[in-house]
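Each of the next two complexes has chain A plus one more chain, namely chain B in the first and chain C in the second.
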Partner chain A sequence: MPVLTLFEQIDKGTLWRSIGGIHPPERKSLSNRTSIASLTIADEYIVPLNQVGESSVLAISEGDYVTKGMLLTRGTHFGHLPVHAPTSGHVTKIEQRPSNHASGLPVLSCVITPDGRDTLSPDIHAPLSWSDIAAWSNEEILKKIQDAGIAGLGGAAFPTHIKLNPASDIELLIINAIECEPYITADDMLMREQSDAICLGIAIIHRLLQPKRLIIAIEDNKPDAIEEMHHALNRSQLPKEGVRITSVPTLYPSGGEKQLIQILTGEEVPSGSIPAQLGIVVQNVATCYAIKEAVLRSYPLIERVVTVTGNNTSNPGNYWVPIGTPISHVLTQTGFRGNETDKVIIGGPMMGYALYNDSAPIIKGSNCLLLPDSKELAPEQKELPCVRCGECAQVCPAQLLPQQLFWHAKAKEYDKAVNFNLADCIECGCCTYVCPSNIPLVEYYRIAKSAVKTEAEEKKQAELAKQRFELRTQRLEDERLAREAKQKEAAERRKSTMSSTDKDAVAEAMARIKAKKAAAGSNASTTAPDAPDNKRKDVAAAIARAKANKAAQNNPDASAGHSQPSEVNSGDDKKAQIAAAVARAKAKKAAQQGSKTASSDESNVSVDPIDTPEGVTAPIDDKKAKIAAAVARAKAKKVAQQGSKIASSDESTVSLDPIDTPEGVTAPIDDKKAKIAAAVSRAKAKKAAQQASEADSFDEIVAPVKTSDAPQEVAPPVDDKKARIAVAIAKAKAKKAMLKTESEKE
Partner chain B sequence: MAFKIASSPHLSRSFQTSSLMQRVMLCALPGVAVQCFFFGWGTVIQALLAMSVALISEALVLKLRARNVTETLRDNSALLTGLLIGIAIPPLAPWWVTVIGTLFAIVIVKQLYGGLGHNIFNPAMAAYVMLLISFPVQMTSWVAPSVIASQPVDFIHSLQMIFTGASSSEISAYKLGFDGISMATPLDTIKTDLAMGLTTIESLSKAIFSNGFGVGWFWVNLAYLAGGLVMLKLKVIRWHITGGILAALFICSSIGYLLNPDTFTGPLLHLFSGATMLAAFFIATDPVTAATSVRGRLVFGALIGILVYIIRTFGGYPDAFAFAILLANLCAPFIDHYMKPRAYGHRSAT
Partner chain C sequence: MSGIFIAIMLLTLLALLFGILLGFAAEKFKVEGDPLVDQLEALLPQTQCGQCGYPGCRPYAEAIANGEKINKCPPGGSATMEKLADMAGVEPEPLSATEEVQVKKIAYIREDECIGCTKCIQACPVDAILGSGKLMHTVITDYCTGCDLCVAPCPVDCIDMLPVEQTVKNWDWKLNAIPVKILDEECQC
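And now, the complex of A and B:
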């Protein structure tokens, strides 16, 4: 439909059909019979500072003196809305206080204790006239509106200076004076008493937006207000052409922005967009009054008209209530008759929320305080199963299918609920109103909406976590590759810079290893085939251990007074392992001595280096190697004492070869090996101490401690201080033991 | 001070499901009265029997399901189902037919599927179909309308026949008209006659008809129509399903009649015979088993109307509402899926 025709229809006052809606009992006569009154000054005022920290900072601090209308916060963001002191007094505290919200969660608030004098701020001045502001620019007017902290007073409290500065051209300005909710009469009384001021405010908005048409929409249950506004309109600055007052048939919720636009223009605001994109701006009539005060008088938004109504109040009517007045004060002032079992509803009966704590303050969006007694509104009734009657769909103003939304919300199928346009629900309550099964539909939708929001949040977090993880694995991978590349590079460099002699040395070493391996393989008749099989080795090792255990068990009292290495320091794990290795060695020795045919399967065991007198094969396993090293050292000691020649083990078994010379044990290169050596020496020392008291002769194989030998035979590791200390301690202990035994002997 | 909290809205129309069902039952009373006048007390006895059985069986099942018995019974849905079954069953059918049918409707079709709001099929109609298939003789033995019967059934005899069983000769005695010829229902008469090759005019000249409408059945349907209009006015039901049925039936029968008046019955006869008005206003409008959206309901009603015409004209049974309604119940989810209304702010239907 071309816009011009629409304007023609608007000029004629055509109304479009509004979809759905209900006719709840209006009950407006309770509060629209008296003029707007005022309340006395409260004991304290609580001004919520929601935006502090996000888009504004405090302009005052605790203890400051403030005047009525003085600025309390300063903006840091273009959308910030400053708050002002509602009366003069001292800022007692800035702390968390319960908020005026369905959740009742605490919010940072500025608590002002009034001094009773209600002194106006010096910024507020006598009202200017329309011609005085004729020269002002739009930016100046918008700045005044922002500085006054004006928000939409219809309930949504959207910053007005943003709404009146839209990006698109505005062709239609609608002043929303519908007030469709039952009980509320605030806008009605304001229009009856302040129609000229309202029209001035409308004129200011008209000047800002320059729309082609202006409609003041009033519901037809307010005939006095309509008449007053007509008179005021004639007196006002507004042009006569393109401005009209339209009376709209009473229907809830025709006052909703989207519904009102549909009624007045037949157009629908597309889901997810704002009316400005259609070239329409809707403003509440009370906001117009506040704009006039702000622009012409620099009077900030510090008070508003609040309807106090319901059967539980002795003085129902409308009141000018300063923003920040605790609701408890309003209740006592208006003669509240109820108790804790009653509800205190902020807003109307259809969309208002029940307040838990009445110490919360009146805020910019609080247009009504509904105080019903127990019989006045609907009694709480049990939820029955849905009979799919479809009444909810008949009354839904957003043309949704509340029934399907309910089924899916109840089954927690939130994605299906979203498919049925859950997001478009305006929570007006019409569906719940008509439901014959008393199903709290709006409550289900609210839960569903918050569940959808939480799910979206979690999904976003999971997505971020996944990204971080992927980046991390990528980073680690890159580092690893870089490291490898560097190593490779270094190896290359080393190779290239290595002299030929070094290379020869390396080659010779490799050859020696090979030869030794071959020799060991040919000499040891008992050695098994060369191809080492891990599994076979493991099996062999297990068998060896079992045999050692058995031997240890079978020879608890050694024939030659064998010591029992297992007694040595059984508390220490490592020492126990070493002791076990020693026992194994002993057993093996016994077995070998017993029969010429040594057990063949033990020769491949990595743990067993004592298979041939010729040398020590390189053990494969680290721990086993250490044990092997200890055993080898013991063996070597024995051999040394026997005086027989033991072929020097090859130096080429680099890292794990402690037995180089018959004279002693060479320094272990490894730190751990040093520790083991120290442990062994300690064990030996202790052993010496024990043995000295009982037996005379030791079996040299097993004797881990020769009192005269022990301290010297363990060569200290060259590079480790700790090991050296340990060895020294062991030496000392051995000496001490030796001295002790010698003294005992004497 | 801390106050009571609750979710908005805090106002409610408080028109309960129980009063909904109650109003439906009350609006059916005129039709029941007329039916009782023409076909004897059997109708009332069957209705009362079915209602009692419905209440008892629902109470038992609710106990088994560990639900609150009084609360659920108070929603009057079991009573309404019982009433509709009682009206649909022939007045002299034995008591066990009614009992079996009601048990089937309440326990299996309604409660086994989850109780009120969860059943897929209309319980009364599913029970009727089950009985029709299982006990065809008993379910098709209607009496002759009292104004033209050779001997109308009185109350004691009705009681006796229902509860102590009646021989087929006794029943056929009550089927006799003035002329001693056994009478079937008007729709049954027309069907057999057309099958035999008679024209509609010839069939309509039989005693069971007067002025082109079935004797007795015409007034019964009128009474149900009146009750239905009261329900519409009270907004107990909405017009879409009923309108769909009646419009579709009217259009289909008009087309048939215009094509060949000799072999197809006209729209008025269709609209005021058999269970047309009863089903259109009271049975098919059962919200649980119907489609939900406005467009969906129109389609749902039209589907029933078309099916009724087809089955009545070409099918094997004289009256077809039970089958048509059950078939439409099957289609309801499908209809709902494709007939979603367009929400505000969405130009294309979502």
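And now, the complex of A and C:
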């Protein structure tokens, strides 16, 4: 007996043994008795904009009017899949809406409120005939398919234009019309009603791929569809040679891409690769219809056939549902009988997921809405321990070892699960179906898969971070080296250009600096005997002298004022100096004990003994305190205004001026003035505090000149505290005044 | 007598031969660097955050190879600590820092408040912040490791560490509050 080639066997209709699989109750007769119906227009349509922000941009904005079939997104990426308006109306919102996804997480969606007219976009034209597109190039056709936003309608929603543009030559094209999952009859009904259109679509794909063989695979539980397709095939442009319809025995999940290839060719798609690498392309039958609409009519993928079925619906059947129709609208239109707690399942009973929120829309991949009542579902059963019966391994269509996967997934040993080819699991649910212990095996695999995915993602991220870190470290090091080299070069250049006289000049300058330093050192030693053993006093006196000197040089006016009191009070310079030094030392001691803010008042208190009682009574008497505050403010103001340190010699006399006091007192009366004054005083107090140490020193210099030494010695430590209290009160008052004015203003 | 002599000679020759062989192999198949450090580094999360006290993940891996404790990597969490313990051949020990709930965070710059001081750019160990002097900065979220190092230098405190948002793309079945059950059907038609 001669060995037949693969193609000869295919032509003979040979089928290979499928691996695993189950025979769940089909329940298809529920929905395949009526023709495909349409729904009325919904209140709003929610079109998910999945790719916006990644590979595409919005083509519309809120408030725009769109016609049916108008483009909503635009992109140039080769994987870009545009979405279109399912009806005419206004774009009311572009916002996050619950998604039709197992997670139910919100995704960016375009909400369209229909105007009810369902006006077609002008781009959509009357259908062209096959001869019209004969001259078109493959690129043109692929562009049409991409522009129509066609995705695989079997459920995975993979962009069709990518699949139809494979890198390798295609020998076999398989049209998948298996529809093996229970309940679903969308493809069945579409084949019965639109067989000619489907064949046109298949012809377009055939033209694009030029395969040697074409198989339309239909499960043998759809005899009507098989017959219709046979007739349509005979009428169509498709070549008679190498094209056949193969009836495949009913078995779940023979509709899986890899499983179907196994059944029809006996070849196994290697793990991790795609069928195109074997020269095979599999297309869903509903996609063929959409391709025909797109290429011949420019009609984008804006509606699809959805099976609405289950015991909880009063009108089970198939419906043309626009993409973006809220599922709640479909439910009300088809007579949903269930209550709040009944499940709405997207997809079939084997691979579908329960919906969280029925305001989620129908998307391109949703082929079925299963509305089971409580009797249809297996009751929630408790998971029992695995008994190692091995049933799951026998039904697994991917030839995996579900038990082993389960053990490792449960133990979170994901790397071991990966070694058992976790990635090849198609999540068909056969193992769960047969498990006598009611273990939700697929759940475990999904969790394991997502954990593996996350881990891989993290690893990639870590690798990227490491690379970037290393590059950065390298860059910083290079920069540093470059800088150092540059500096070195510059220094060398300087050295080389420097003449000998310059060098001498530098040496001379260095010598001068040294000499100066030495002189300064000897100076300090000579002044030491002036003051007694107290070193601090000595330093203070030196500073005082230096400052006086500077003041005299800098400002002749101020120096005049400064020299006057000194002349009046003491003729002897040296004596005054010593006194100043002593005062300075004392003031410093006082300042160390007290806060710096007190310093401006300190001088005031120490200058005039009359002020002292004022300070004592301040906390008791309001008015007096106010006066004190005013004085403080005024002083602060003066300090700030004069700014220069030399001016402080005048200050002490000014502060004693009675005119200042009423000014301060009247301030709170006037609202605005008070507010300004308060703000200014606060700011000034702050400034004064900063300057305190310096201002303080000059006040002190003048102070001892006016009064005798004796009260001075006693006064600072005692009065210091009182003065501080006075200032604090003043500040508080200023604050209060400001608050008051503010509240009044309000 | 000569038998013993021959035996001794033979063994000596053999020892010599093997010695030379081993010496040659050691030279020929010499391993550059410490492979343990590379393996340890591969386990670390590469945030380069310096929370371990070392300037980056590589220095910490080197320190572990030299006997440093394995529990100083808060971004890695206890999972990383266990792997490190396994690799370094020491007993696992609880993390030194209090381990927070492991939510991945990423830096975000409040762009209105950014004054363009470039301080965060200098602090970022993975060059994930884009910007220029006196111009607004922003974080390239794909590159951000969530190391926290940019938060402290910001003079206007405009950097927030926000948890990575859950989207359909990074959604995890584990977090599914209502488990989706694959439905089995009992009734026969």
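Just so it is clear, the second predicted complex is superposed on the first by the 455 of 746 C-alpha atoms of A that agree within 3 Å, B and C clash if a C-alpha of one lies under 4 Å from a C-alpha of the other, contacts with A are read in each partner's own complex, and residues count from 1 in each chain.
Convention: a residue touches a chain if its C-beta (ideal position, glycine included) is under 8 Å from a C-beta of that chain, and two chains touch if they have at least 3 such contacts.
It should be emphasised that the depicted structure is a prediction, and the values quoted were computed from it without experimental measurement.
Asker: Just to be sure I read the superposition right, which of the two partners does A:Ser450 touch: chain B = first, chain C = second, or both, or neither?
Answerer: In the superposition, A:Ser450 contacts chain C only.
Asker: Which touches a greater number of chain A residues, chain B or chain C?
Answerer: The partner making contact with more of chain A's residues is B.
Asker: Go through the superposed model and pick first if A:Lys375 touches only chain B, second if only chain C, both, or neither.
Answerer: A:Lys375 sits against chain C, while chain B stays out of touch.
Asker: Examine A:Cys389 and indicate which partner it touches, taking first as chain B and second as chain C; both and neither are also allowed.
Answerer: first
Asker: Of the two partner chains, chain B (first) and chain C (second), which one does A:Asn357 touch, if any: first, second, both, or neither?
Answerer: So A:Asn357 only meets chain B here.
Asker: Touch test for A:Ala411: chain B only (first), chain C only (second), both, or neither?
Answerer: In the superposition, A:Ala411 touches no partner, neither chain B nor chain C.
Asker: Go through the superposed model and pick first if A:Ala732 touches only chain B, second if only chain C, both, or neither.
Answerer: neither
Asker: Would you sort A:Ser99 into first (chain B), second (chain C), both or neither based on which partner it touches?
Answerer: The answer is second: A:Ser99 touches chain C but not chain B.
Asker: Between chain B (first) and chain C (second), which does A:Glu458 come into contact with in this model arrangement: first, second, both, or neither?
Answerer: second
Asker: Of the two partner chains, chain B (first) and chain C (second), which one does A:Ala507 touch, if any: first, second, both, or neither?
Answerer: In the superposition, A:Ala507 touches no partner, neither chain B nor chain C.
Asker: Identify the overlap between the chain B-contacting and the chain C-contacting residues of chain A.
Answerer: 24-25, 102, 182, 345, 349-354, 356, 372, 377-378, 380, 429, 432-433, 440, 442-443, 446.
Asker: Please give the residue numbers of chain A that touch chain C in the complex, ascending.
Answerer: 24-27, 29, 50, 99, 101-103, 105, 107, 182, 345, 349-354, 356, 372, 375-378, 380, 429, 432-433, 440, 442-443, 446-447, 449-451, 454, 457-458, 461-466, 468-469, 471-473
Asker: Taking the touch rule as given, give the residues of chain A at its contact with chain B in the complex, in rising order.
Answerer: So the residues of chain A touching chain B come out as 19, 22, 24-25, 102, 182, 258, 262, 268-272, 328, 338-345, 347, 349-358, 370, 372, 377-382, 384-390, 393-394, 397-401, 403-404, 419-421, 424, 427, 429, 432-438, 440, 442-443, 446.
Asker: Spell out the part of chain C that touches chain A in their complex, as residue ranges.
Answerer: Listed in rising order, the residues are 41, 44-48, 56-57, 125-128, 143, 145, 166-168, 170-176, 178-189.
Asker: Okay, in this complex, where on chain B does chain A touch?
Answerer: Touching chain A from chain B are residues 1-17, 19-20, 71, 75, 77, 115-118, 238, 287-288, 290, 292-294, 297, 336, 340-347, 350.
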